[in-house]
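For clarity, chains are labelled A, B, C, D, E and F in written order, and residue numbers in each chain start from 1.
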């Protein structure tokens, strides 16, 4: 632990994800006393017509 | 809140999802006192050989 | 299916939940063509200092 | 119940999944007193650049 | 991986859980080619008025 | 979005959580281009005999 799941709209680059993973892993070590090798981060991408807020679908920037 | 995740077998149309999203958002407002803009609904589609009940895979209607 | 998970702030009554469950089950039948006995709804209650939006904790109404 | 979600790296065959589903369903019956028809197992496949441990992405064996 | 989440009704003993964890870890090794130390199993207990099937709450055996 | 779920062993203080939430929200803004008010972070605490790795339960530091 910690085991972290990140739901994000489709469209981020691998570099953006990598930078985010490194920052969150460091935050877990610094603020939660976790060890890097026990810190797991999993991305769940959200595509078109998959998430709605206020009854209306929120579309990824690259949606057709 | 509420934050709602809906796992469904692949194959529903966008119109079916939209109608469901509108009905569930209204139910959250009416019965849980939620506000529409704080009510989030996320669909997670399930494809072939991804869900089993009683040890046997349940296939989406359009499975090959 | 559908398998539905509902994260809500602690504090709703059983009656509120029951009314919401009935409305969402009906919506699944009407809009998604689901059968009632295959429609599963699970509540996950969120307590104090468990959810943050914009970097700030959102507290349940009955928080100390 | 039980409702079981299995996150695995992309790449297992349907036969591997089926064998695993049968073994886990049996374990639920034998050790948790569950009934087969109430035991639900859902696979969530993880692809490239979707899961990181220790700040580094863990790639599926068939990653490009 | 695999990362496994098990939702079960409240009420199983630690011994039942332990036996189930051992059986599922072995099944992951035998059928999915996983390594024990990478196989993570997390229980999420479900209490009273927290899960409904067919619009009706399913209560744990020890429910008041 | 992003919608982030953090499973951690029971026992962190509110201050530790708050510092972590602030760091992760900032990381989402800086690296993923998210807006703070759309960045949601939810903690799921894990107690005794609730998570196992390699077939053995991992206990929180304050476990009896």
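A few points about this structure:
Keep this in mind: a contact is a pair of C-beta atoms (placed from the backbone, for glycine too) under 8 Å apart; a residue touches a chain by one contact, two chains touch by 3 or more.
If you're wondering where the values come from, they're calculated on a predicted model, not measured in any experiment.
To find the repeat of C-F among B-F, C-E or A-E, check which pair has over half of the same contact pairs by residue number; it is C-E. Under half of the residue numbers at the chain E-chain F interface are used by both copies of the sequence. Here the spacing of chain D and chain E, counted between their Cα centres, is 13 Å. Chain B and chain E, compared by their mean Cα positions, are separated by 23 Å.
With centres defined as mean CA coordinates, chain D is found 21 Å away from chain B. Residue positions 3, 7, 26, 40, 42, 46, 51 of chain E are each in touch with at least two other chains. Taken chain by chain, the contacts fit none of the simple shapes, being neither an open path, a ring, a star, nor a full set of pairwise contacts. The part of chain B that touches chain D in the complex is made up of residues 7, 46, 49-57. Those residues of chain E that touch chain D in the shared complex are 1-9, 12, 16, 19-20, 23-24, 26-28, 30-34, 46, 51, 58.
Taken in their complex, chain F has these residues touching chain C: 14, 17-18, 21-22, 25-26, 36-37, 39-45. Residue ranges of chain F in contact with chain B, taken from their complex: 3, 40, 42.
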